[in-house]
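What follows is chain A paired twice: with chain B in the first complex and chain C in the second.
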Partner chain A sequence: MSFATKRLGKELSKINNNSLPPGIELVSADDFEEWYLDIKVLDNNPLYQNQVYRLKFKFSAQYPIEPPEVVFVKLANRPIPIHPHIYSNGIICLDLLGQAGWSPVQNVESICMSLQSMLTGNNKNERPAGDEEFVRGNRLRPKDIDFYYHDNNV
Partner chain B sequence: MTNAIQLKEEGNRRFQAGDYARAEALYSQALVADQTNPALYTNRAMARLKLNHWDDVIADCDQCLRISPDNMKAHYYLSQAHLALHAYDDAVTNAEKAHALCVNAGDKSLAAITGQVLKCKKERWDDQERRRIRETSDLENEVIEMLERERDQALHDLDNDDFDAVTRKEVEEEWEQKINRMRGVFESATANESKRRKVPDWAIDDISFCVMVDPVITKTGKSYERASIEEHLRRQPTDPLTREPLYVSELRPNLGLKQACQEFLEENGWAADW
Partner chain C sequence: MDTDDEFMSNPSSEEEDMMPDDSDNDMSGDDDFDFDDEPDPEDIDIQQDFGSKKKAVYDIDYKVYRPQDIQEQQDDLIREVNMILNISKEEAAILLRHFRWNKERLIEEIMDKRSQTLETAGLSENHTQVPRLQVIPCFACDICCEDEEGLESFALKCGHRYCVNCYRQYLTQKICEDGEAARIQCPSDDCNLIIDARSLDLLVTQDLTDRYRRLLNRTYVEDRDSLKWCPAPDCENVVECDIKKKDLNRIVPTVSCLCSERFCFGCPNEDHQPAPCDLVKKWLKKCADDSETANWISANTKECPKCNSTIEKNGGCNHMTCRKCKHEFCWMCMGLWSEHGTSWYNCNRFEEKSGTDARDAQAKSRVSLERYLHYYNRYANHEQSARLDKEMFLKTEKKMVSLQKESGMSWIEVQYLSSASQALQTCRRTLMWTYAFAFYLARNNLTEIFEDNQKDLEMAVESLSEMFEKPVQDLADAKVDIMDKTSYCNKRRVILLNDTAQNLAEGKWTFNVEFTNPTPLGAVGSSSRR
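Our next item is the complex of A and B:
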């Protein structure tokens, strides 16, 4: 059994035993490669009110030494949240998820909470600069994109 | 000598290709040419592990340890073979020896060997549990049978003394209650043990989420499993919590925590794979 499988098995049994924090829900975890979770913002931020967002986690065999790939996915009732660090194709620009900002003590739950608070704290109704061009042109996997974390206060 | 090396290399190629029987034969031929190379014994032991020839694995490793007493691989393979043969104490001892040698050598198999230590401890504990449960249930059956014999004897005595049917019924019910109470005592004893168990956070490595075998402490005061943190530091030399620079040479063993984790596992072997 790989490192990742064992660790994810434990994360899953922890989730099943203690349940997740409010606003975070496990949708499916059928294997140890791809999980889906729903998150919503708990306060009254008008940008995200009454919306639920779907996250897709992809794990490599080196997880948690390597970060998982985390993106928002678009469904009929699951839009991509508007945020200056979230591209309209669901790709998230968050240093925590990049090669340099990742730490192996992070886990699925803590990532969801970080994303939740990233939305909660935002009041800008806008996409990242160059969104259209990026969405049209990007063929890279999210973790290989060399984001420029120019503004960590957003 | 060159012949032995050639045979070994051909054996390695066969092993890589998954042809373990042929690899074993080639290592055996190499050993005819050269009986002084410890790697020939450990390589053949590895092929024999794949072939499930446990006793032969043990023979090779013992031979290897005679030439090279601190051979990490020999202890690691010995542990696996003993585990397969349900010789749990030997499996644990050898896994721990391999672990200590691996740490000293800074070898990359630390994660696998740490896993082996936990696996051996878990299986040893499972075995003890199975035996204990079996013994308890044997004891229960024995006690219940004794009570039933007593009951039958008492009823038999009543019949001889010609008591009325009402009294006989009362006595019989009294015995039934006694027997049921005894069953209840056994039942609640086993139920107590299998109630949901929790591993305390202090025993868990925040990277692998396993109980720690060899905890090491960082500058921040936080401890991690040695295999996990070294794996992380190879990729990125920073403290997982503070992101400040951190190097393997700065890690220190946390002996108190190691002892505590060991004692916790002795009492709670299930936690090795919670």
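Our next item is the complex of A and C:
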């Protein structure tokens, strides 16, 4: 059993036992490679009211030494949240998801909570600069993109 | 660096072999090269050199270190900080790396604000105990969520404890995949304590610690501006040179490694004397952009006589209409099309004024292109010849063996071939860069002297190159000639380099591109006229 499988198994049974914090729900975890979760904000931030967002987690065999790949996915009833660090194709620019900001102590739950608070704390109704161009031109996987984490306040 | 003195003897002995001169002729070569016989003091000040006749103007001071010397240098500094500050050697190493090995600043800051400095460097003041592997009852690892009895775990002084297996995985990832070593932090979120070498030894296998140490050595050399790796493949030596960036416009800092690789300390390129780094950069960029394109343009296109747009004729008649300015002209004579009337196919307009004018203008715009190609072709030719000479050198060794057999000469007696080959390569390299240099020179008397020197060296090199290619049986008879020519080539090279370096240092060259000449030095005296 690989390193990642063992850890993800433990995470999953913990989720199944004592459930996730409010606003976070497990949608599917059929294998130890790809999981889907739904998140929503808990306050009344007008930008995200009455909306649920779908997250896709992809785990490598080195997880949790390596960070998972986390993106928002778009469905009929699941839009991509508007945020200056979230591109309209669902790619998230967040330092804790990059090699440098990641710590193996993080887990699926803590990532979801970080994203939740990232949305809660935002009041800018905008996409990142150069969103259109990035979405059109990007062929890289999120982990290979060299994000420049310029702003830690949003 | 108390190890300096003993190293000085090494580069100097090698240097003499390397140095093109004095192997066979003692005339005046010694004046130029005996500088390395005396142990150099620490101060490396180029300004002083102008007064001294001890060495060639273009020589700079530098030292070559072997990998073990680099290790010792670090160990010495670490030991020193370890004793002064009363912290462990591993912690001293982390501190030194944080301060980019600036010991004075480190001690100052520690004395000033100890705990704050330790914290930003990734150390803890916590003196509790030296980190070790432990089995703690009821321990659960936060990374793998394992909680078996008897699970071995480890924590740095911060107390963030993880099982040995996870720690090992984490370190392997950092060292092997990310190539990190100097700043690997505790795996915990938001803890910036740095893993020290001793803890690492406890956790990982030998091959990983080896790689870890190599990475650390790499950061040591990269952190210090006065150190540079020898770029030769498989060479692990390091060169130390104190050349300042601002001095690069008056000196070309060529250094030579113990492995005989010659390279520039001021830029990432090979030895490019006599051309200064800035011009080399311009030249290489120009060549990368231009050379092939320029050749093609020269062969296949003409410029519109009116707006100078470059035009390729890809078939059709001689009636050209410039797409850019709509000017109509004849491809053959470049004259106005309107003057051609109906007899265009003869193109008998050669004497027409508009045609000659247009061709004059065209010629002018071609001159700059041809000028570039003139220098580029010679530059490229010497580059190629230098490469061929290098191949030749490998054959030379065979020649030397067969010569020994045929003529009954001893190994020592055939060394002149090796020196000749070395001289050829070095001189060709110099010649190559003289053309890049000359491309940027404005026309004046100094340039003419330079070109004379260049010509003399080139002629000498060509004739040596010819001698060198003789069949083996003739080589023995030509020994004296080859030795003489070798020594002559080397002398011509020294003369050329000395002259160029002197003028460069004194800011006397006039360039046709932007180049900040150094302010003339006071010590130069009456000769510094501009």
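FYI, the second predicted complex is superposed on the first by the 154 of 154 C-alpha atoms of A that agree within 3 Å, B and C clash if a C-alpha of one lies under 4 Å from a C-alpha of the other, contacts with A are read in each partner's own complex, and residues count from 1 in each chain.
Criterion: a contact is a pair of C-beta atoms (placed from the backbone, for glycine too) under 8 Å apart; a residue touches a chain by one contact, two chains touch by 3 or more.
These figures come from a predicted structure and were not determined experimentally.
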Report task. Report for A:E34: first if it touches chain B alone, second if chain C alone, otherwise both or neither. Result -> neither
**Report entry** Partner chain(s) touched by A:R7 [first = chain B, second = chain C, both, neither]
**Finding:** both
**Report entry** Touching partner for A:P64 - first (chain B), second (chain C), both, neither
**Finding:** both
Report task. Check whether A:E25 is in contact with chain B, with chain C, with both or with neither, and answer first, second, both or neither. Result -> neither
Query raised in the report: Given the touch rule stated above, what does A:D131 touch, chain B (first), chain C (second), both, or neither?
Result: neither
Report task. With the two complexes superposed on chain A, say which partner A:E109 touches: chain B (first), chain C (second), both, or neither. Result -> neither
Query raised in the report: Residues on chain A in contact with chain B in one complex and with chain C in the other?
Result: 3, 6-7, 10-11, 14, 64-66, 103-105
Query raised in the report: Along chain C, where are the residues that touch chain A in the complex?
Result: 142-146, 160, 162, 166, 169-170, 173, 178, 187-190
Query raised in the report: Within the complex, which stretch of chain B touches chain A?
Result: 111, 206-210, 228, 231-232, 235-236, 238, 240-241, 243, 274
Query raised in the report: Can you list the residues on chain A that touch chain B in the complex?
Result: 3, 6-7, 10-11, 13-14, 64-66, 100, 103-105
Report task. Please give the residue numbers of chain A that touch chain C in the complex, ascending. Result -> 3, 6-7, 10-11, 14, 62, 64-66, 96, 99, 103-106
